[in-house]
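Chain lettering (A, B, C and D) follows the sequence in which the chains are written, and residue indices restart at 1 in each chain.
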Amino acid sequence: MQFDPFVIPFNLGLYFIILYCVGTCILWFRDLSRTDKLRLQRGFFGRPFVWSLREIFMESLIHRKIFKVNPVLGYMHMSLAFGWFLLIVLGTIEADVFGDSHLNPPSKAIFFRFFNPEHGAEGFARGYSFIMDIILAFILSGLMIAIIKRFWSRIVGMKKTTRLKTLDKIALASLWIIFPSRLLAESFTCGAAGSGSFLTGTLGSFFADFLPSSQMAYPFWWLYSLSVGVFFILLPRTRYMHIPSELFLIFLRNSGVRTGDKYGSFAEAQVYSCSSCGICIDKCQLNSSAGINNVQSAYFIKGLKRNDDVYDISLNCLMCGRCETACPVGIELGALRMIQRRAGEAPEDMKTIWTGYMRERNQKIRNGLNNYTKVFKYLKPEIIDTSPEVLYFAGCMTHLSPGIASSMEKIFEAVGVNYLFMDQEGSVCCGRPLMLAGKDREARELIQHNTSTIWSSGAKILVTSCPICLKVFTESYHLDLEVLHHSQYIKTLIDEGRLDLKFLNQTVVYHDPCELGRGLGIYDEPREVLYHIARCQKTAYERENAPCCGGSLGNMQLDSRKKTLIASDALYDLTSSSSDYLITSCPLCRKTLRKAEQNDTPEILDVAELVVKAISDSARAEKLYHEEPSEEVINVETQ
Amino acid sequence: MKKFGFSSIKPRVIDYDRNNRAVMEYIMENEPSFALCIGCGGCAATCSAAQFTDMSLRKLNILIKRGENDEVRRLMNKCMLCGKCTLVCPRGVNTRNVIFLTQQAFRKLDNYAV
Amino acid sequence: MPEQYDRHIIIVGAGAAGCTAAGQLAREGYRISLIEKENEPGGKVINWYQLFPDRRKSEEVLKYLRDEIDNPLINISLNTTVESIVKEDDRFIVTTTRGVLTAADAILMATGFDLFKPERKEEYGYGIYDDVITSVELEEKFHSGTVLTSKGVAPERVGIVHCVGSRDEKVGNFHCSKVCCVTAVKQAIEIREMLPGTEVFCFYMDMRMFGPYYEELYREAQEKWGVNFIRGKVSEASENIEGRLLVKVEDTLAGKPLKMQVDLLVLMIGMENSLSGKKIAGSLDLEIGINGFFSVLDNHYGNNQSNQAGVFFAGTCTAAMNITDTISHARASVVEIGRYLKSKEKRVVL
Amino acid sequence: MKLEGKKRIWKEFQKEIPDDHFFFVRSCIRQSFFPGSEQFLIKLLREELGKDIYEDPRHTTCTGIGYHSDVVPFETIQTVVARHFALATERGYKDILISCVTSFGIYEEIVETWKHFPETLEKTREYLYKATKREFEVPRTILHTSDAVYKFKDEIAARMKYPLVDHKTGEPLKAVEHIGCHYSKMFPKYGVGGAEFPHTLVGMIESWGGKVIDYPERRHCCGFGFRQYLIQADRGYSMSNSKKKFESMEPYKPEFVLANCPGCTMFMDKWQYTLKEQEGKTYGVNGQGIPVLTYEELAGLVMGYDPWELGVQYHMVQSEPLMDKMGIPYDKDKKYIAKDGSKLIAPKNLINA
């Protein structure tokens, strides 16, 4: 006999989920822009396909990234994903090799033991069922951790774990039941048949001594089939949808599809690929320093899935990008938030159809760009006719820490470059802050204004002291000149040997500003400048892992007290090792961190300010000599 | 109607009891630090926009509180949201969010016009 | 038996200053006659319900003052008014409504202050419109436990007018009474606490939060209690047809005139030198400063001495002060009196 | 509202008003717009009360409006006023009775200036002497005609035929009193009852049986404001002030406005017409306007004089509804008959007509 009614739930679940996934993939594909479709097609028949397979293996089965962040968590995911994968593959093979027929339906592979109770008594089959038992044990070990994590998340080294909704709970329960029920079902069957290996066999014979194994087995097979079936059927409505979605996402990503600035199926695929693992929550300083724990990316995306109005959540974020770098699925969290910010708040009646609403809003906004009345009419075009070599744009924030601007001027003078201080009289904002508030159209006005001013100058290099400005200059301005952060510019000066610096016998710690580091990937230039003038100290909080100062313009809602909390924590981390200076390269970071200064914190300076300290006296002396003859010379004359 | 060459003038007085202060309530609710303003004018002094136009956040704050909405509408969009004001405010008012919320509040009033 | 035991000092006024000084001088062993025109010691502190900035009950301070003067060397005569003080070489002859007290070696003027008479600011309609009251009357309402309008209902909106009779050339007072600002803030908080549904508006010219924890209280009023502050001096109050008060003020920060209806208008009346004090000053020909208070010998290191050797000042008869400063000032006067009497002894010996 | 409170203030601002021998000077505006009023004042004082009131035909305008419009310098107006004093001195009068509140203010201002800067008095004596060979004494009291009427309000009440009550119901009539700014806002001590709660008109209304309403904008200026009304384009400012007052008094349903300043009477009367034409709005009960009367007109009415002789018909807002309420009889046909019996042209677009 090769059929039994208990396999029905399993089969239903299995075929349902297969159909559902295929359907979704088709919908998503249809929704892609034409170029993205082409990308995907090219990708499917090209190298990206191979990469994707590799990535799927490494990430979706082995979960390498999670391993990196947290081994225990990694093992948990691997044991469940990879273990189950093996169980299915080997199960199918087993059924194929030892079964009486070939090409069996999946149910036969899954419930192989039920249909062949005596199998694996001796010989090769014995060894094979031994392997199957190992895999089962492997999975169960992972399951154990999962259960522990759910109830005592700290044990597995996680401060926070995501909160669940009821469907998730049911799905989770069924997932938890699957493997224990399989274990018991198999054990009883083996017990009755005297077959099975070290796990199922021993457990089986143990039960057999005092339980009517043959009768006991059957209900557990039902339970096993049911739990799997339920799990599959619930899958689409729960976070476990991330398992199939991620596969699709990986293909899209490897084929070169990106989020962009509007909501589409790639964004949707990302949303559904979020497993709510909660790593982002741990990474978020709003959580760790300011005690805000309902706005992190995991909750934001969960909100998106549930069609909640997540506008407020989207605004309460530093946009520091720490979660994005940590996300094991590689979801572009920043981009998703920006989409929501641009879309704005959903009116009551639209909250329940978020995806549709987002598409509509994006359309409206794009139309709005055309029939939009200017708000910055008061800005009159500025013309710079003295064509300087370097155009220096300090930026609004730099005007509040003038030490940086004046240092830059000293540097320009020291190298005798022909420069122009573009916003000496005060800046027209670069537009980035408006963008961060989701006001692209308004930002566009400022961008146009500044662009025309910059073009009119005919300068070759645009140097800015503010990473916020730099980001928008490089990403959203169309300029015909080289745009550099002052740290980059200083580096080129040093490389060209135009700036003669002496080594200050001091140790410094460098803090990577979010916009400059994670935002633009500029990690090395500031450091290389520092190597020339001081001893740089390494900390555990560098580069991608650098903390945010808390002052970010990305967050609309954070109040000043909480900003300071974040700043002082960041300061504590950065200054744990004793150093003479804490160096950063962002006026806003500098100001925010200074707000949290204790009397034992080292002086906080911008890289430019330290460079000025290091401009060698010979250079200065030379200047002096040319200006006025020194005392001694005269004395020599008289003698 | 006869032509007299003159007509009566709308009073400049803030009629507190007639004015609609819904916007103020909305902001108070979403940005409580709004209440802390002492009208020192630090924000207005540092304001990037104020160099080019008559934007004054200090004034805007008061006008919002008094429900002088016409003038608030006129001023609020002149802000570049650059955030300097927030850094100088001695009372730690989240001024940037105040303006942002004001614009939002009026968008609500105008029923979510993009 | 040391000289000083038969040294006799007459202190005029048993308020915060009088009581403090009396207690301290008695502890030093001087004989004190404490003269008070009211029927109990404590002065203006009695009017108050809670005190800024910590809003402790005024009774506690009153108790302190009463304990201070609980001393056999202090002879306190209540319901007594000083009619004149005459100086005969180093002695002072004090005539009161109870007859003549002779042979005082020194006089301490602790005559305190009078509250500004709000009727003098006619435009606010005190005594004409039913719901215009003074800060002191509001304290009485706090004592009674409820703040109601003349119609016997809780006010929907209360206006508090700062600087009534202070910094106002029109009533001949140039000085700042110092304590009104923080009193206004304190009372605003108390109203909000008692009647959470009531809006409170303070109309101020400047917020002069000069003392410790005053600014913090101001911040608390804004942050925790949602008290509203409008910068501008109320120009006039009038009653509308529902009998609500219509207040006119310029919102100087908005640069526009503003009118609003309130159900209760509280006038923060300022301090003036007490009339009774001035009368005595006449007989002693003490100098009066431009602020109407007694002028002290030196504004920095002689603010307890008068232009009359042997006559000393303590507390608000020299300037507007809060209780803390009054008590310190009174304690300082003790040192000055002591030094003065010692110098006299020396002269006797030589 | 506590009346005793007001009484207290009124006590503080008591004004010495002599009860005989007045040197009368006219008001430019009043004698042209409400000729009946000054006419009746003289009649009232001379015939009704048998007082000595002297009017010198040689007296002129005080040039006050010119002064307030910056076309007449202070020295000049001092000399003009000094001339009036001289005329009074020559006739041996010590108390000047001024019909116009603007002049009243000017006279006060000048006398106060002389008090504080005696050299200006000397200069003025010099100027006047050079110009006219006249010399003068500074008068003992400076009176406004409303002060005089206030002084004799009880005598008038004694002669009263039609008290200020609804003759049907006996209800006292609700009245708005409006004091000219220059009557007591400049020098409260010269106004009966001071500046905040003046008693001059209140006293008349109350002793003649009426009820004064205290509305929020009671203190507000009528908007006359010399400069404003002189330039046509600026009259909007002027009118807006009156409008503000009307809007504020409207809910109290006043029967009439009593003013003691020629400008106020004229503008609060005429602006009602303009506002009706421009904004189609009137502020009295059931679409009517609010009659604005001078205190002499009111005195005359209560004493039962013929309204047409008092000249109440020479207002934009007609007083018939008021007179009906008070039960005063009047003959419609005689309304525009001149003294010589000739028929005058009846003005158009009157309110309440």
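We take it that a residue touches a chain if its C-beta (ideal position, glycine included) is under 8 Å from a C-beta of that chain, and two chains touch if they have at least 3 such contacts.
Note that the structure is a prediction, hence the values are computed from the model and not measured.
Taking the mean of C-alpha positions as each chain's centre, the chain lying farthest from the centre of chain D is A. Chains A-B form the pair joined by the most contacting C-beta pairs. The most centrally placed chain, judged by C-alpha centroids, is B. Centroids of chain B and chain C (each the mean of its C-alpha atoms) stand 40 Å apart.
With each centre defined as the average position of its C-alpha atoms, the distance from chain B to chain D rounds to 46 Å.
Chain A and chain B have CA centres that are 37 Å apart.
Centre-to-centre separation between chain A and chain D, using Cα means, comes to 83 Å.
Annotation for chain A: no residues touch 2 or more other chains.
Counting only residues that touch two or more partner chains, chain D has none. Within chain C, contacts with two or more other chains are made by no residue at all. All chain pairs that count as touching, in label order, are A-B, B-C, B-D, C-D. Contact residues of chain B toward chain C in the complex are 12-17, 28, 32, 35-36, 38-39, 58-59, 62-63, 65-66, 68, 91. Within the complex formed with chain D, the chain B residues making contact are 1-2, 4-9, 11.
By the touch criterion given at the top, residues 31, 33, 46, 48-49, 51-53, 77-78, 80-84, 86-89, 92, 94, 96-97, 100, 104, 107-108, 111-112, 114 of chain B touch chain A in their complex. Every residue of chain D that touches chain B in the complex is listed here, in rising order: 232-237, 239-240, 243-244, 274-275, 277-279. Interface residues of chain C facing chain D in the complex, by the touch rule stated above, are 119, 122-123, 125-130, 236, 238-241, 243, 246.
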